[in-house]
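The two complexes that follow have chain A in common; it is paired with chain B in the first and with chain C in the second.
After this line comes the complex of A and B, so read on.
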């Protein structure tokens, strides 16, 4: 019981401190009061500390099974494994909001410590904006969705975590994707602060890009883990369903992908300044919009996660952020225009601009598909679009992006000439070769004949660039030291190419599993065999196993010398809710994916069997993307950790 | 009880937050020597 009051007290103290930090930082930045900027910044750190205290309290309450807290009762029970009890911290609405605020507080503090080079005013405004965002979350946590609400009567046991969440994926996917969502607020705060302070030079870009990259990296990892988890847990044979929850995680990722490319145009050529501000702001607005959509429950979603009354609060917050951002861009827009000749269309900057437009086009397609039920519902007839809409509308845009990924890295800055045409022979050759191979193999589907060769062309470009680097290395006299020096000097470029190569592998995986997936529903007696896409499986029998919090019906399927054990888990303590446990045999060529539908009175069992080609390429390509980003940026420039502001003599006691 | 904890925590954080206002020239000098 005492834990609840300590946690609620920490949230309340955090709210007071956050509001104090927000107001003081804005005033101190405006008046350029160095001492007060320091106080405002320290108040932000103190807010983060209060969130740490509240989080430790909630985690302690969960691990000690303190069922006097409504949150602990609703999201854990005595039979849940302890790791999953700990993960219940972010498994419910209130806890996930606290986790979000905690990440924002911690990463925001790091960003402020590293902001010494940005100047007093930008750093102060950034602290003010981050404190204001944090204060909003704290208002919601204190007034509407507190994880520290106390029950009148303490029950002997809790209700437990949703069965779908009782999986190892719960330990990795939600914390990463939520951290990704939270971290988009940091580049937004610094971009808006630079706009407020009237600083559109390259200094803010370097700082913002670093944290945009962090948010992008977290979101990429979170999206991949989400796909992996859905594939392994949900049992429908796929990994991406264009569900609103997936869409709202994808949109800020797309906008930030655009920014990470267009920011290079500003760094190298001083162009696209206003556009870059717009992209960083758009990514954050999409995060807030997505949170509103997902948590208000106004759009139908297969994710039944955390529908509650906080919708209107997030709607108000979205409105405030929208007015603030649009107003800021409108007021400062005039100062952001690029002077001089427009860039030639066939140049690196032209390719980046087109790629940005295409990515924003995909954002528009996904946004429209996500809000259509809401918009159409207002006119009386709710309409929902399926995967076919997204594939038809976004597919050509993605294909064009792949064309740019194949050609863009070969296009020089400023203008292109004859060497470009020579260099393009590599990706064009890879494209033509794969088209010919596919056509000769009998493939006639246009999307397959485009998607897979384009993925190969992207890989062709990257390999060509690495080949050129190797040639330069040989001309320079070879040797490991020179190789390291060569790669280190252009680490960002070669890291980005590695990320492109990873994406090409992901594209091949997506295309393979999408175009050549095979599926079969069968009912088998023990000893009976079935063949799907050349894979022979034999059903050998089933058994029931009793575990601590559920019982499992396990079937055994023999695939060569491997035994697959698809199962159905039933949670008696949760009103008999049942959940499928998929059995997957993975190889680089294909996954054999077996779902147990149930057993029948005559001893037979029913299965749905999928053969999904190249799915492992998606996970391994994703790992290569993240590796490329890490290698390209890990030690790009160390954080300028320095005293946050210039030290001035104190006036107190000076007399 | 919540208010009591909140007040205690605010008091605990106060010196850290307000340090730039309450430090003396001697503190600055010490910081300078250390730094």
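After this line comes the complex of A and C, so read on.
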């Protein structure tokens, strides 16, 4: 009980501090009042501190099983493993909002600490915008969805967690993807602050580069973890279903990916200023839009999150962000024009610009597919699209993006010459070779003949770049010290290449499992054998095991010298809900994925068996991407960023 | 600049064309009563409704027949394949397939509403 008051008090204090910080920061920035800017920033730190207190209180209430709190009762029980009880912090609606606000408060504070170099106004406005976003979350947390609501009668035990979610994936996927979304508010806030202060130089990009990269890394990891979790737990043999909930997580990732590339064009060449502002705003709006879609339940999805009254609040917030951002761009757009020679089409900046257009094209495709039920529902009978739509509409765009990934890194900045054609031999050679091999082995499907070779071509480009670096290193006299110096001088570049290589591996895994997945439904007597895609499996028998709250039917399947044990648990207490335990035998070539459907009276058992080629490549490619992000995020001497103290009037041309 | 304008137009045109042509793959999302008001033998649709208590499984659980109901109307659904884990009477499912001339809905795919919330049912006092 005392915890509930403590937590609610912390949220209320945080809300007051947040509103105070927002209003003071805007006013102080406007009037250039140094002391008040300081005060506004400290009020932001205080808001973050209140969120930390509220989070600690909620976590304490969960871990001590304080069932006087409705949130604790609804999201945990005494029998839930302690790690999952702790995970209930972000598992429910109210807690996940608190978690979102906590991440923004903490990262925002870090971003504000060193913000003085950006100039008084930008720093003040950034604090004001972040405080305003935090205040919105706090209003919702205090008024509509408080995690600290108290039950009138304290129940002896909680309701616990649906068995589908009682899994290790619950511990890692939600916090990572939520943090990825929350952290993108920081580039957004600084971009909007720079725009508000009339600054069009790249200082805000340099200042928030780490946060954009962090957001991208977390979103990538979150998406991959979600796929991994779905693949290992849900038992439908796949990892991506183009469900609205997945789509709204993919769209900000696409926009963030576009931004990571286009921001380099502004840093290096002073171009795409307006576009960069637009992208950051788009990525942030997509995050808010996604939260709205997921929480309001207005689009049919297999995931029904805790649909609640916060939908309209997020709709209002989305509208406010949209009006603010578009208004800002309209008012300040004039200062963002690039002067000077237009960029040649065949150049690195040209490749980045085209890649950006294509990525935004994919966003448009996914967005349309996601909101189609809404749009069509307004004008007539509601319509939905499935995987076929996304594959047909986004597939060609992804192929074009892969072509750019293969060619782009070899194209020099400014202009391209003869060396480019020589360099392009490598990815082109890899592409042609793989196409020939696939064609010779009887593959005739066009998407497959493009997907796999393009992935190989991307990898070819990266390996060629690493090869060139190794040659330079040998010419310089080799040795460990030089290798470290060489890599650390261009960490960003080599980190990015590593991420490209990881993505190429992921693409190969996606293409392999998508184009060559095989599935078979079988009913087998003990001792009977079945062969799927060259793998022969023998069913040896099944047994039933009775556990405290559920019973488990476990079948045994012999695959070579390995025994696979697909199982099905049945929870009598939950109206007979059953839970599949998929058995997967992984190898770099293919996963054998066995789902037990059930047993029959005559002793036979029914299975659905998938053979999924190259799925492990997706997960290992993901690990390489993370390594690339870590390398690219390591400290690096910054190249010349325009001095932050100079305000750039609209009459001054591009650098 | 004009050149970039052209590139932008071309990309927008391509995206527009792709979206337009792929939208042909869209399906109607109906309630059971809306399905009932249509003639059998139409194209693929998705139907949302609540699973009733008459679930009959055969073939070790790979084949299943049940009645899907919303408010007033109901339809018999026939489905072959692995069932979603949370499938049981009382939950809402979305069946993708078509209504046959036999007035049975033959589903190719069965989606169950995934309980993405932690608890089983909201706590009521």
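By our rule, the second predicted complex is superposed on the first by the 629 of 655 C-alpha atoms of A that agree within 3 Å, B and C clash if a C-alpha of one lies under 4 Å from a C-alpha of the other, contacts with A are read in each partner's own complex, and residues count from 1 in each chain.
FYI, a contact is a pair of C-beta atoms (placed from the backbone, for glycine too) under 8 Å apart; a residue touches a chain by one contact, two chains touch by 3 or more.
Note that the structure is predicted; figures quoted are calculated from it, not measured.
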First, second, both or neither for A:396, with chain B first and chain C second: second
Partner with the higher number of touched chain A residues, chain C or chain B: C
Chain B versus chain C as contact partner of A:414, first or second or both or neither: neither
Touching partner for A:5 - first (chain B), second (chain C), both, neither: first
Which superposed partner A:46 touches (first chain B, second chain C, both, neither): first
Touching residues (chain side chain A, partner chain C) in the complex: 70, 73-76, 88, 91-93, 151-153, 155, 158-162, 164-165, 234-236, 245, 300, 302-306, 342-343, 345, 353-354, 357-358, 361, 364-365, 368, 372-373, 376, 381-386, 388-390, 392-394, 396-397, 521, 523, 574-580, 595, 597-600, 604-606, 608
Complex contact set, residues of chain C against chain A: 1, 3-4, 7-8, 11-12, 14-15, 18-19, 21-23, 25-30, 34, 46, 48, 57, 59-62, 80-90, 94, 96, 111-123, 125
Chain B to chain A touching residues, read off their complex: 1-10, 13, 16-25, 27-28, 31
Chain B partner contacts - residues on chain A that touch it in the complex: 5-6, 8-10, 12-13, 16-17, 35-36, 38-39, 42-43, 45-46, 49-50, 53, 647, 649-650, 652-654
